[in-house]
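The next block holds one structure in the form of structure tokens; read it before the comments.
Chain naming follows the written order as A, B, C and D, and within any one chain the residues start at number 1.
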């Protein structure tokens, strides 16, 4: 019976514990064991991220194409699915040039800073039931603080390029990311208040009897919308892509980058997209938690048989799709309008909303 | 204002003006130093009110250049053409009208670039298309270029 | 919401919030903004789930079925019939008509059977790289010898390949087109 | 208190001593290769932060000397070269040249040719405005509208290809009429395109016109007063957005526009949003014009008889038409020979460009992009 259950609900924890046992028999030293485990985790994470970025790149192109009544990539591979691989190979073979007047050290460091900060934020995410790299007790706090470090990489890239367009892009990014951090923080806090914990696994557990977006009524819905808007701005995607703003700044902070260094910015953009969507899915939509309706036991059981990882990725990709939908529909804002939106609308609303959520939590006005 | 009225009124302003009525518009032909004294009242007087300078150009007649100003009024909707004759072909000079119509600024740059007419009191006279290194003025009739392909 | 301009009715929705107190204006702006954004998303969403509306032409896959318009100006051609005869008698009207000198006709004098000297074309040189497809040569031709071809894929690796000689070797003028 | 600047705050050119820029200002070169300049326009911009202090256009990157070329071409030939100026209203440019020649010759154009010219000119105008709409969406960061507008534009281009033989640089007009008669599919296909445009215009409104982000980007941006529009010699939708009545089709009708019923679109706000609405409404007006003509194209000749070699009488001739971007004037000075003695094209974009520094005074970089999008410059027309 246990085997059958495993067949239906493929559990990563089962895989992880078996791997751990197998390694324990091979390596006696506990330090070496830890290092080996970390290496395996790191390499599999990297592989996962690269595949994820390939997939997201393909998805973005297809979403864009279908919204623009055209076909999109359809030459390389079946239905163009290998197009992004071909592009990566092209970028790999391009000359990675460094401009003459640039600050060479910072210029070459910046892409790595950007990628590393976005990779760090993956650590506390729960991909499936009992499958988490690092269940730290300050999960949300960790994610927000790490993701706000991305601005350093962008500023570094813009400044060291010694290009005025890059510099303007970098300064825009500074203003933008710093201000939108506030809204993201406040909208996350509303769930922290309701669930009473910063630990991501606790937050997911608190949604076992219903996702927060359903349980939390309108205030949580508002903070969900604010989170989606602010995080779109945070990861510099249209309509908030002022740091790149191709039509204004010819590429913004990465104007001078080419080849693999440019690909790293692209990589970090997609990782960031995945992270914010995964966070939104975890916090508001219950992470890997299946969809349950009250007392409908049969329905709930059927939902349980859908693998938890599928739930997580389904929700995440739903939100990724929405953010892509934004990008391929809206024109870009102007820099002062962008800041107006944050300081005049998002921030006051999210502050009022936090107040409401606190009241809800105190009086227990949720299911 | 009809052509006749314009001709009469303009004759009062400038004694040296000659008129040519063969074309569609009334042509007023004056020597280049007379340009500003004639053209200022044309812009400012309420009865003329030529506020719209829709075409400025220059014609090289080999022994003289003539600046052609096409003027119209958005109020009265009458049109006239002022042609200022520049007799000095080697160092042509004329007063700029960019202080009266702002459109003249860029157009006079173009004429300076292609005809070599120097505009006095122009705020920013520069070679607009060809750059400072270019020798000669291409739209002059005597311009020759070794790279020119003759068909 | 129909926007009425001074002259025409336009179906666009203009977002103008009436000044009715701060709070009403504030939330009114949020509401109308969100609804205007959702309108746009509805449209793109509609096209996302309707792949049959896609307008992409699958060139070059559709080369076999691709049919150029009847009057399409691709290149100047000098049609020959099955006896290797064309209609050009070397009058050079096209050469005169061409605004940028993309036609050069080299003529020679032939002595015909009855002993008369006759002007004939030797080579009909066509500079495709200079041609602007303005159709003036076709209009000018008195004997309708040249027509516009339908070929549109002209790219080559070497510019010299664009200089074409249109009369085929050994070709002659048709009887009825002489003079 | 008046701010005084220390000498050390000013950077000067070592050679000429000319003031290059002040402390806190910096210069960026927008173009000649820039995504938003739609060609090889080079704007030198003095910035303070993101605020524009001064703009200086530098031109000539694609100057071909069309005016000089025309001095060597006959009156039949010089028409084709104008297609390369404003390539988006190539047909209307050709029309201007042909009209100038006809005016000088006193040539009467057959009514059928006139109708054909107007229909094709209005189709060109719609196609041009579609492209403008597509690109202004693109300039402001929305990529999707581009493809929606191109769908309709392609249909118009197909009609052009079928009747004129070329999609963009038609060269269909000859002095005295048009080159050949209409294709037998013409009326059917034009009607189909008109219905398609009318059916799809609401999508334009949904995705851009009604969008709050788009409206905020355009409203109260790039203000040009009526006085400045006149002084800068602006024409076309750029001037009509400032309340200046300047539609040549109304003021100085040609080719039978006087018999048609249409409105001159004028908005008084003078900002980018006004210019945007002028163009959107003009699409509908052009549709309206074609609808009046398409079922009643007169029968008869499509070309008046002209001599093989056209020689214009001595004199100066000026002919203006309304292109999609404003007034195009063709000024021909003839000395009686078979080629023009001097040929000047008064291009609408050149004057409209000169007003851009005024409009962009104190605006942001993003606003400059919006201004250039709504003024709708075509660079080859500026450089000629």
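A few remarks follow.
Rule of thumb we're sticking to: a contact is a pair of C-beta atoms (placed from the backbone, for glycine too) under 8 Å apart; a residue touches a chain by one contact, two chains touch by 3 or more.
In this text, all values refer to a predicted model and were calculated from it rather than measured experimentally.
The interface with the greater number of C-beta contacts, when C-D is set against A-D, is C-D. The greatest centre-to-centre distance from subunit D, using averaged C-alpha positions, is reached by A. Distance between chain centres (mean CA atoms), subunit A to subunit B: 64 Å. Put simply, the C-alpha centre of subunit C and that of subunit D have 21 angstrom between them.
Computed from the mean C-alpha positions, the centre of subunit B lies at a distance of 39 Å from the centre of subunit C. Taking each chain's centre as the average of its CA atoms, subunit A and subunit D sit 45 Å apart.
Residue positions 144, 147, 151, 207-208, 211, 213 of subunit D each touch two or more of the other chains.
Of all residues in subunit A, those touching 2 or more other chains are 67-70, 328-330, listed in ascending order. Under the contact definition stated at the top, the residues of subunit B that touch 2 or more other chains are 151. Across the complex, subunit A meets subunit D through its residues 64, 67-70, 164-165, 168, 238-239, 241-242, 245-250, 328-337.
Considering their complex, residues 22-25, 27, 51-55, 57, 59-60, 68, 70, 74, 77, 81, 101-103, 105-107, 110, 114, 124, 128-131, 138-139, 151 of subunit B touch subunit D.
Of all residues in subunit D, only 56-60, 63, 65, 67-68, 72, 103, 228, 230-233, 235, 244-246, 251, 315-318, 320, 327, 329, 331, 333, 341-342, 344, 346, 350-351, 353-355, 358, 383 touch subunit B in the complex they form. Looking at the complex, you find that subunit C touches subunit D at residues 5-8, 10-15, 32-33, 36-37, 39-40, 42-44, 55, 69-73, 97-99, 132-136, 139, 148. Contact residues on subunit D toward subunit C in their complex (touch as defined above): 73, 76-78, 80-81, 144, 147, 151, 154, 158, 161-166, 169, 171, 174, 179-180, 183, 201-203, 205-213, 215, 263-267, 277, 280-281, 284-285.
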